[in-house]
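Letters are used for the chains, namely A, B and C, taken in the order the chains are written, and counting of residues starts over at 1 for each.
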């Protein structure tokens, strides 16, 4: 059983502090959910655990089974058993899904012992079917031209193949219709075991209807301000977050304001401009 | 302050093509004919600017100056060959909207040089139209030097009947500085126009954007050459370039040569060029709503050239511009 | 070779896979340097007709008169007096692999030529220094009337066909190095595919420079007649010497009405070779020419495969990659000249620079006055792998009629941090992740190659990338 320990974590990006003292402990077999409105630092926490180079840790610790995660490079964290299902996974043209995931799996096996092609194909096909994805998936390029829902399912598929100890799923429910949400929810539930600690990040309740959770945390202003169980979800579902803000005397729950200024996009189509006149 | 209706009493005659602009709707302008200031009409807010004209037009915008209105300068060349020099200096945190109208109606040689110096966190929006007589020989060079956090946006329309050589050279000298060089050009008859823009990144975290919109008609030739140059160590800089061209005449020529010179790896650079005929789908769509082919074409072209129209402050200036577009695309 | 020289070589090239040299006695060479009598001597040794001798001499004078190009890489370092322009390694071209001298055979076996031939290729022509030493064509091709021979033999055996096309699309006056090749050319491939004949399997030729200070000046002439189809594959390797060698080639291709020709190259010169190649195809009505052009290695490489789209509805495609590693300067691109109505062209170029290499894209799209309704599409992307490497993108787009469509898109960037983060978050090391992204980046090129070449290409790129990710 693995334990991921986050102690008094502070992080910033471009000089702006986004995480302001996060404390969290996730054990194998547990399912945690972090909820909260947009812009409160939830996704930042996920990226920081995975080691995105954009963020700078200014204080605090992340420990996985006694090992200092902050000392590890992104790939070392992955091989140590951390998985992040991303909100917006990158597209990598020219690299097929199957080549990619096979390479990722081989990094986990001992030197010279790569997974047999036969075994891989069987395992991959099974996962594709379970997630009700198209059979041409292995030959398509990694996330390129995928719909939002396909990308999310592809993340879960990779999680199945890589078999992590701690999995963080960052807004895995956004962009999914009800059917897809059900498939994803069922697949995640099926993966649950005493060897897997799950952290779900979401601001909707509907995902949690498909995955039972043991602990629920609410994040505001860059830290966890409230924790509870299933009942907390129900109350948020009915009343929203205002009561929590009131209870804690929080005025603005956000840690950063989305940048509103967007540069004029080049290559705007002459058609539109012509018709604008 | 001189009123617009006093124009009749001026010692030099303003050509009728220009005169029409000076209605009560136009504020804040200077008119210079053959090197002599004929009209100076400025609102009080612009009195904080230092504007001196002594062979060189020297404009200094003081620290923290900010004004939404545009300063217009009309340079009219009637008799002499001349060298026109403009120098615009924006002090720290200043902001200026500047517009210039270059005009000649006689055969002459025009050498126009303008330099701008953008201090820290200052912002210059510089727009210009040039409309020179077909027998003129024209060279226009515009330089802009931009310090950190400074911003310099050039939008230039070249609608002369003359053979012309236009250059815009922008130097991003301080970090986080940004520059935009936007050019719209229409060539007709036997005109030859060459437009070259360079944005050079001399500091990290700088951004440079080049946009060109061109139409070539009749036997004319129009050449765009844009250069985005990112020097060594100018990390995280962005250089982008977009060229769009419509070739109207059977014997017209339009070239777009978007160059990228990159000596640093941590950058984003891209360029695109699209040259072709007027989109048939667009024509079809407009004509299906009852427009004639010519009108549909003209509407599409004016839409295509809209980046500059947005910069024009009065209806008279817009009308004047559309009139040229119409004439040159017939 | 002394230990010192060996170390010197190693310091220059690292472990170049094909950097072995074969010790063989040349049968004949013309000595170092070039002058009119060297040129006449080459022609005489080959027993050529007088028109060819005259052509060579006239080309030689042109070469002497024209200066180096004023743009692109600096070529002033080439010492024309230090180069041997003609070396003949064995007495005659062999018809059976068993007759080829042992040393040359070993060299080619190291390159894997015979197996490749057995397994997959319809015909192989290999060139060792200046003369083609081994040559074979499947009998079925001969029965169809396909000619696949070396260019010298073609001049002897098919003089009329040869004269009709030779130098017709790349004139000797074209550029300084076209003139040089025209003066001293030797070897190369000659292919004629008769009307309506489809050559199903790829034909292959492998060039190899062996002698030190040796220029290689092969000349390839391909004619694909009306409605015919050809897929030709050329590969290049060279062993490594401390002084730079020169490779100056000409490839002329004629694709007649309704014909199709695909010319694939994976060039892997050692990085002391200066490679200056003029490749041009004349494409007639409804015909299609494809250049698949891979450029890895060489000290300086200048190569811009061109299609002259002369016939109506003619089509030109160039898909290329260039990789510039340490000490390399790749100045490559493509040209598409639209002359016929409704002609179309497509260019896809992928460039990578690493460890201080410089990689340029230089391209030309021209739509002439009569090329009504022509369309062009250009995509060129560059990845710069580290902070000591550079890249310029220099496209020229010229449109001279009002019914054209030209689209050009280009990007230059480093390896995307988001992509790296994503791949590494699944456990790939930075090296693996970068390699995977680069392989994906060049995939549009690699997928056009025959399997063996694609595999080879991947290995070459991996080799080049070693040590460039830190």
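Keep this in mind: a contact is a pair of C-beta atoms (placed from the backbone, for glycine too) under 8 Å apart; a residue touches a chain by one contact, two chains touch by 3 or more.
Computed from a prediction, not measured in an experiment: that's the story for all the values here.
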*Select the chain whose centre, defined as the mean of its C-alpha atoms, is least distant from the mean of all protein C-alpha atoms.*
C
*asked:* Per the definition of touch at the top, where is the C-beta contact count highest among chain pairs?
replied: B-C
*asked:* Taking the mean of the C-alpha atoms as each chain's centre, how many Å separate chain A from chain B?
replied: 48
*Could you please state the distance in Å, as a whole number, between where the Cα atoms of chain B are centred and where those of chain C are centred?*
45
_Multi-chain contact sites of chain B, meaning residues that touch two or more partners_ = 272
*Touching chain A in the complex: which residues of chain C?*
416-419, 421-430, 432-433, 436-437, 439-444
*Taking the complex as given, what residues does chain C use to touch chain B?*
369, 382, 384-387, 389-414
*Would you mind writing out the residues of chain B in touch with chain C in their complex?*
243, 245, 247-277
*What part of chain A is in contact with chain C in the complex they form?*
50-54, 73-75, 77-79, 83-84, 86, 89-95, 99-101, 103-104, 107-108, 141-142, 158, 162
